[in-house]
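You will see chain A twice below: alongside chain B first, and alongside chain C after that.
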Partner chain A sequence: MKGEGIKELKKYLSIGKPLKVCILDNNSVEFLTWVRKNVSPEKIFSQYDMILIPKWVWVEVCDSDNRKSYINDLKHYSKVQIIDEVDYLTLVDYKEAELYYLFLYCCYNVSRLVSFIKKNILKNRPVEDLDPYEEWLNIFYEEGLDQRKLSNGRIQKKNAGEISIAVLSYILSYYYSGSIDTITIFSSDRDTYEFVSKAKEILYKDERFKDRSNTSITFKSNDFLIYEWTRLGYINEDNIDAFVDNYRQTRRIKFTRKKQDNSIEEQDKLIENTVFLEMLKDSTIHLIF
Partner chain B sequence: MSMELLFENRKLIGKNILNIIKDNGYTKSSFSRLTNISRPTLDKLIKGEVDSLATFKTHIQKILESQDMNEEQLLNYVPKYKTKKELVFALSDNAPENHALNPKAQEMFGILEDIVHMCELYYN
Partner chain C sequence: MSELVTSKNLEQVIEKNKLIKDDILRLTNDFTVRFNKSGVTGQDKLSFSVLKENHLIQIPIDDEYWGGAIITKGSIKIPVINTAQPRVYQYFVAWHEIYHLFYDLNLREETHNIAVDMDLNERRADYFAAKMIFGNVYDYYYSLDDENFIDKVIKCMDVYKAPYKAVLIELFEEAVTKYNDLDLKEKILEHFDNKPDDLVQKFIDLELDAELVKPSYVVSLGGLEKKIQSVIKENPDVSHHKDNYQFLLTLKNKIKKGVEGLAK
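Here is the complex of A and B:
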C-alpha cells in the first residue's frame, strides 16, 4: 500500500467509529483454509470492520495459492488491507523514534536482534539521529533477520511476520485507541504471542508510552477458534472428535479456569487432543492463547 | 510576538526545536519530512546557524504549523522529559584497519555482546 492507499486507511482509522480490527498471521490462514468447508469465512470475519495483513506476512501467504485465494475471498465480508511496513511511518505520523522503540521492544525476546538493532541501526547515537526509516528497516530485514531458502526459491526471513504483526498491533493500539475498540491477532504462533507480550511489559514501563491510552491486543489461536466454534454451534458435538483429530495437534495452551470458590487459576501447558476435547466441554475455561 | 525576536534568540529556538523533536518521538530525519524542511537546513536551525531572517521565518512557520504552536510557545518551550542518562554500550577496538576477526573470535565477541544486552534487558 503506497501513497493514497495508506492515507485512506489513516482516514478510515480516524473516523471515530469504534472499529473491530483483525490482524492475520500466515499460520492461521493456513488453518482456516483447511476448515473452510466446516466454518465459512463469513461466520468468522463478518464481525470485523477491517482485516489487516502486514506485507512481510503477505509474502508468506503468497507461497500457497489456497491461502492467497482465501484472503482474496475475504474481501466479500470485510475490508481487507495489506500494509507495507514502510507505511508504518505514516501511520505513526512520522514519529520515527517511537517507531524505532516499537520495533526494538517487539524484538526483545531475541537478544541477537536487540544486539543487531543497537549495533547496526542505532549505532550508539541518540535516537533522534537515526537514519531514515526506510533505510534502517531495509537493513533490519535484509541483514538482521536470519534467513533460509525455501523449496520454491523464496528466501524466508525468520520472525519477520511475527515482528511486523507485533509492531502493527502496537501502532493501532497506541495511535488509534480513540477509534479502535478491539485488536485481535489471529495466530497460533507462540513467537507472535511472546513478542507482543514482552513488548507490552516494556511499553508499560517506558515513560514515552506508559501514560498513554491504548487498546488492548487479544489473540485468537486455532485452539481458541475451535473452542469458540463449538460454543457457537458451528461444529456440532457429533463431529467434534473427528474435527479435532483432523485439524489439531498437541499444543501448549495458555488458559484460565474458574475454581469452585470463583478464584481463577492460570495454566500454560501442553494439551493433547483427548484432554483438549474434555476442555471444550468445560465452560469455566477461557483460552488466552 | 515577532519572528524577529525568535531570530534574535535562534540558538535557544534551535535547542527548543531539538526538544520538540525528542519529546514527540520524531527523529531529525522524520521531522524534516514532516515539515518539508531539508535535513541540512533543519540541522542549521537546530544549531542556531541560519543567518537569513527570511529563510528562518519560512522554516519556523512550517514548524509552527506542523506542531500547531505559536511563536511564544516555541520561544518558551519547556521539555516534557528530563534527559535520561541512557546506558551507552562502549567498545574499544584496537585492531589494525581492515583486520578481520577469525570466525571463532567473532563468535565469542558476538556471545559477549549478547550477554551485555541481556544484562541491559534485566537491569532496566
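Here is the complex of A and C:
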C-alpha cells in the first residue's frame, strides 16, 4: 500500500471511533490455516475493525498459497491492510527522528542490529542529520538484517517480520492512542514478544515517549487461542485431546494463576501437551503469552 | 586519570593529597572490611577479583594514554581495563577504577554533578589506588643496598607491583611530609620526568620478573559468554540470544586478531 492508501488509512485511524486492531504474524497465519476447519476465521476476526500486516511479514506469508488465500478470505470479515514499512513515516506525521528511535528500540534485543544501526545508519551524527527515512530503511533491510536463502529461492530476512510488527504496534500505540482501543498481535514467536517487551521497557524510560498516552499492546499466541476457543466452546471437549495433539507442541508459556486468597502467581515455563490439557480446564489461569 | 603529574606540579599533588588523606584512608579501610571477606593478600589479585564480580571487561587498546574507565549505562556500571598497557599500570588502574565504581559520588548519583572538582576527583582515585597498593615504601627503599637510585625504584616497583611514577610520588610524599629528606626529594625531582624507556631490560638485569612491565593482552568480556549461554539454555525458543552469542564470539575473534597485530 502506497500513497493514497496510507492517507486513507490514516484518516480512518483518526476518526476517533474506538478501534480494535489486530496485527498478524506469519507463524500465526500458518497455525490458523491448519485449524480453519475447526474454527472459522469469522469467529476469530469479526471482532476486529482492522487486520494489519506489515509488508515484510506479507512477503513471508506469500511463500505459501494456503496462507495467502487465508488472508485474502479475511476481507469478508474485516478491513485487511498490508502496510509498506516505507509508509510508517506518514503514520508518524513525518517525525523521522522518533521513527528512528522506534526502530532502534524494537531491535534492542539483538546486539548486532543495534551496533549496525549506530554504525551504518546513525554514523555518529546527531539524529537530526539522519539520511532520509526511505534511504536508511533500505540500508537496514538490505544490509543490516541477516539473510538466508529458502528452498523456493526467496531470500529470507531474519527478524524482519518481528521488528516490523513491533514498530507498527508502537506507532499505533503512541500516535493513535485516542482512536485505538486495543492492539492485539497474533503471534507465537517468542522473539516477537520479547522485541515488543524490550522496546516497552526503553520507551517508558525515554524522555521523548515516557509521558505520552499510549494504547497497550497485547498478544494472542497459539496457546492463548486454544485456551480461548475451549472457553468459548469452539472446540468441544471430546475433540480437545486430538486437537492439541495435532496442532500443538511443547512450548514455553507465560501465564498467571489466581491462588485461593486471590493473590496472583506469575509463571513462565515449558509446558507439555498433557499438562496443557489440564491447564485448559483450569479457570484460575490467564495466559499472557 | 588525573592531569599528568610532572616534576613541576609534584609539590602541588602532595598538597592536594594532604587535603584528601583522611577521607581516602577511611575509604581504604572501608574497602578492606566490605570487599575482602576472603582475606585475599595479593593486592593485584584482590582488585581484579572485585572488578570481575562487577563484569570487568579486559581488552587491549592501542592507546598508551588510555588505562581504563567505568562505562555507565543507565544504572549499570562496567569497569574496563586496557590490557595493552604494562601489567603495573593495569594493577594501578584497577584500584583507580574501584574508587570510581564504589566511592565516586559523581558516578553514584548518575546525573553529572558539576560542583565536583574533576581534577580533585581524579586525584582522589589515584590516591586511593596508591594507598591500596603501597605499604611502607620509604622504609623499603632505604632497606635496599643498591647504589643506584633507579635500581632501587625498580625494586620498589617489583615488590609493590606499582608504576614508576606512583612509586616516586609515594616516596616524595613521605620524604617531604614526614622525614624532611631533602636528598631523596632532590633525586626524585631529578628523575621524575625521565622514566627509563627500557624497563623490561632493567628488570631482567636486576633478575626480576619482567612480565610485570609487559602488557598481558588479556581479552575478557565480563562473563558475558557464560551469561548468554545460560539464557540460551533457559529460553530455547528465543532466537535472539543465539544471535547475540554469535555476535559476541565474532567480536571476541576480531579483538583477538587485532591483538596479534599489537603483540607482534
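Note that in this section the second predicted complex is superposed on the first by the 289 of 289 C-alpha atoms of A that agree within 3 Å, B and C clash if a C-alpha of one lies under 4 Å from a C-alpha of the other, contacts with A are read in each partner's own complex, and residues count from 1 in each chain.
The working rule: a residue touches a chain if its C-beta (ideal position, glycine included) is under 8 Å from a C-beta of that chain, and two chains touch if they have at least 3 such contacts.
Since this is a predicted model, take the numbers as computed values, not measurements.
Undergrad: Answer with first, second, both or neither: which of chain B and chain C does A:111 touch in the superposed model?
TA: both
Undergrad: With the two complexes superposed on chain A, say which partner A:98 touches: chain B (first), chain C (second), both, or neither.
TA: A:98 contacts chain B only, not chain C.
Undergrad: Between chain B (first) and chain C (second), which, if any, makes contact with A:7: first, second, both or neither?
TA: neither
Undergrad: Who contacts more of chain A, chain B or chain C?
TA: B
Undergrad: Is A:251 in contact with chain B, with chain C, with both, or with neither (first, second, both, neither)?
TA: So A:251 only meets chain C here.
Undergrad: Applying the document's definition of touch, where does A:212 land relative to chain B and chain C: first, second, both, or neither?
TA: neither
Undergrad: Chain A residues touched by both chain B and chain C?
TA: Shared contact residues on chain A (touching chain B in one complex, chain C in the other): 111-112, 115, 205.
Undergrad: Taking the touch rule as given, give the residues of chain B at its contact with chain A in the complex, in rising order.
TA: 18, 21-22, 24-31, 33-34, 81, 84, 88-89, 110, 113-114, 117-118, 121, 124
Undergrad: Any idea which chain C residues touch chain A in the complex?
TA: 74, 235-240, 243-244, 246-248
Undergrad: Could you pull out which chain A residues touch chain C in their complex?
TA: 109-112, 115, 146, 158-159, 190-191, 194-195, 205, 251-252
Undergrad: Okay, in this complex, where on chain A does chain B touch?
TA: Of all residues in chain A, those touching chain B are 89, 92-101, 108, 111-112, 114-115, 118-119, 124, 127-133, 202, 205, 207-208.
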